[in-house]
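Consider the two complexes below, in which chain A is the common component and chain B and chain C are the respective partners.
Here is the complex of A and B:
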């Protein structure tokens, strides 16, 4: 009986596992392999792919562009995760209250979720065109602005790792990510029993105190899952930064994934691209390992 | 609203006023968030219905004066729109079929039975799902190139399956775990039903809502992809709609085509939104079906 059950399970899992290994695990290992050989498409015909040890890592570490992209990635993740979680907490709290029109509001908030990243970028590129931006128009007619903001091209004002284009691109990612965060947090809020709040209200706890001492701690598990997922996704984020600005101007919005992609497909240095990808793999892999361990413990499957 | 004695330190009026003020601020802020969320859609839609003359106006015109479909006609001409849509539809549907069916089988075994190595397999799937695609991009590109699968449907479907399969498997595992009691299969097995027919005849039919929801997400993932299709497709007629829109952007530079550009965005988003609405319904059904039986 046990043997038949095991045979059944392996048969069921086998096709999926085979594909996950061939299309997931093996390419990741190949990327690691590629990062320690010379894989320069301009020289590959003559020189092949000789082993060069950590030479590729030395080369990218010597490049200022890499460190700019590295810092930008961290800033991008920090801005996006911070803002999207804060906004999501607020929206989820509102949607968790009883009022008329709540259903419509919920559906409306979800719309950016299914908007393709290319389309999201496209709409915002259009809205960010300095001369024809509705945002500039409103701000200028309110007298808050003298000259239009050049959202995606202004490289004149840079505050450390932060700049206008960085803010503009991050906003689009926040816009796109808000629905997912809201849905997760709303599910978390709905799992908190009403009685807890009622008891707190009877004890005279203020709204802020209830949020601080009940909502936040009880949302703890959902929040940590969310922050982990967003951080991993943010470290590897590609689409918006590539489509909206190609990492520019002056690399102000360049992030690791975009730099890796450009190294490979623009400069044919797949070795350097692989080295950057390897760094992404190791950093997200470490976070993922902790996350998976926590998840398995939580469900008692480990 | 309950008034209590201990509010002596704080007169009830001021408390009530503070509450009203908080609600007002919250409502205003929520309105702001709503503008942030919806404004881009409005801007896309209104731009797509504007004429060339209106789109060139400066400052921009917020409400189209004439409702025009000329942008949609133009969009179909600037890029081979129909062909791109067909490419996207076909590859996304094939990906959905492959990844959902393989994921359903694998997820079922992982969700309902314990067997040697199950945790390890789960960890591998989770890991693959979490790690960003850029870490697999170059090797898969060279493998597909070596197989002569650049600019082909097969190549694209293989690449899409690499991310949609682990994703579908993890969601379905959760669904199979939570939706019905363990006794379901036990009863079937005692009745002389084999493992496989228990899965096929009993579990699958009642899991259709969950499977449809997962299939929709798999479809949307493939439909929305840009990263993979941007490297695997170089020839015009094989491109997907996402790459097509990106090309449009390169050519559009000038503002003259912004209305056609937005029209192509509308046509790309509409199928996704419709599908998502359908999936939402099934997701609710899936949850309630699980609740009734659990």
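Here is the complex of A and C:
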């Protein structure tokens, strides 16, 4: 009986497993393989793809642009995850309240989610154009600005790893990712029994105390899943940084995935691109490992 | 294939014999008639030959130009006519420029490929593909199908279809870049004619730049080019008398006074006179948007199809802009490039693909394509068509051909040297000088070293 049940389960999982193996694991292994050979399209016809060990990793580690991209990736993830979770918590709390028009608002909040990142990028490039940005026009007509903000091109105002372009690109990612976070948190909020809040209210707990001691702990599982997914997505994030700035100006918005793409498809160095991708894989794998370990501990399985 | 050719040659000989018989009967206009008969016979022969393999269909990829739907329709119409004449079907597919680079990289590394296509950057892709993949030389067909190649096509454009002595296809698309300016803005500023030299250009740019009370620029006097930053930069160097590499493609020539002069001039315009937008090196910078939105008065060199696009998309600007041959320093060098129709390694239908390219390379079809796009043709007969003298902007484009300087360079590594992205040697050099205040000699020395390294890696 148990064997039959297992067989049924394996059968059900098999199609998805096959897809993951073919479209996920196989390319991943191919890429890892490519990271330890010389795979330079300019030389491949003459020299082939000789094994070079860790030479590609040594080369990228010696390249300042890699470290800039590495730092930018961490900053980008921190900004996006921090802001989107904070905003998501706020918006979810609002949408969880009982008020007229709540349904319409819940639908509207999903709009950025259904806008593909490529389209979002195109829209925001226009919104951020220094000379024609409607944001600049509004701020200047209100007398709040004397000169337009060069959202995507200002390389002069840099504060450590933070810059205007990094803020501009991150804000678009936050805008695009907010609905997903809000929906997840809203579902989490709705699963918290009202009785718990009522009991706390009777005990005289303030709103902040209720949020801190009831909402946050009870949203813990949802939040940990969210943060993990957002961090993994953020480390490998590509579209917006590539489309909006190509990683510029001055590499201020360059992240690892953009650098990997540029190395491979712009400069024909698939070996270096693969090495950078391997580092992305290692980073996301580390985050996932921590998450799985925490989950196993939580369920008492580990 | 050899059997087919043999049969063709046999039939052609028979046709010529027939033509000879005709000549004997018609003494007057003997030579002209003979040529006509030979052509007719050849056509009949081709029909007979292709009937040997009925139902053959080749695949042809074209990049997208103008209105993509119209472009595809135009090719499908020609494919139908070609099939009626030869029996060879042509499956026409279109590639978007946004995916062009990745597509051709994949093709050059053994990915799915058509039998023949509209391609570019022959030197790089031929080198990447080696003898296995990518562009296929069709030297053996050149004499048979295009015996008058050198007479029909501009010499410069033929450089783009030869690599290591082999012939790869027919140049069909020219890209010559005139200067464009706003007639109304120049008149407002009291100029009766466009600038002629770099120094005049600087004066004009200062006079044409308009600022508000806070010093914000409302209109830039000048934009350094109408395409991507690296393409925009090249003509400045050429005009200062420089080149990027030696003619044999083995030695980088970045470290020259001409390079320094070009960088210095642009630096002065951007950072001292502040008459060009500091964004001009960024990917989001769109020169045509600036020009059409009254935010720029002169653009150094723009792709020749700007005129057609302005006529179509901005009719309200009619009469307010004009083309001119670019300003002069030591030369007036105009950026020029070419796309070509060629075959791909791995095709088993080379003969059919070559026939299709031959068909497309007729003067009438090349004229149609050139006029549809408003772009110059590498075909001399197309450019002698009255169309190119009907409007002032067309005359200027033709005048620019005298100053054409090919953007192709004889090193396979050129495409990654000149690509307009951070990390590419030329882009980084210009960016560091313009925006990071790196001293020009330092930026040039670094770039020289990097370009030479790339060329050494790409050396065959």
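We adopt the following convention: the second predicted complex is superposed on the first by the 271 of 302 C-alpha atoms of A that agree within 3 Å, B and C clash if a C-alpha of one lies under 4 Å from a C-alpha of the other, contacts with A are read in each partner's own complex, and residues count from 1 in each chain.
The working rule: a residue touches a chain if its C-beta (ideal position, glycine included) is under 8 Å from a C-beta of that chain, and two chains touch if they have at least 3 such contacts.
As the structure is a prediction and not an experimental result, all values here were calculated from the model.
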First, second, both or neither for A:43, with chain B first and chain C second: second
Which superposed partner A:265 touches (first chain B, second chain C, both, neither): both
First (chain B), second (chain C), both or neither touched by A:129: both
First (chain B), second (chain C), both or neither touched by A:24: first
Contacts of A:178 with chain B and chain C, given as first, second, both or neither: first
Chain A: partner with more touched residues, chain B or chain C: B
Touching partner for A:157 - first (chain B), second (chain C), both, neither: neither
First (chain B), second (chain C), both or neither touched by A:65: second
Those residues of chain A which chain B touches in one complex and chain C touches in the other: 125, 129, 131-132, 265
List of chain B residues in touch with chain A within their complex: 2, 4, 6-7, 19, 22, 26, 29-30, 33-34, 36-41, 43-44, 47, 58-60, 62, 102-103, 105-110, 113, 115-116, 118-119, 121-128, 130-140, 143, 158, 161-162, 165-166, 169, 195-196, 199, 220, 223-224, 226-227, 231, 242, 245-246, 249, 255, 258, 261-262, 265, 268-269, 272-273, 275-276, 280
Interface residues, chain A side, partner chain B - complex: 4-6, 8-10, 12-13, 15-17, 19-21, 23-28, 30-31, 34, 87, 90-91, 94, 105, 108-120, 122-127, 129, 131-134, 137, 175, 178, 201-202, 204, 207, 229, 232-233, 235-239, 243, 256-257, 260-261, 264-265, 270, 273-274, 277-278, 280-281, 284-285, 288-289, 291-292, 295-296, 301-302
Of chain A, residues touching chain C in the complex: 40-46, 65, 125, 128-132, 146-148, 150, 152-153, 155, 244-251, 254, 262-263, 265-268
Complex interface listing, chain C residues touching chain A: 101-102, 105, 108-109, 127-132, 214-216, 277-279, 281-285, 289-290, 293, 295, 412-413, 416, 419, 421-424, 431, 435-436, 454, 457-458, 460
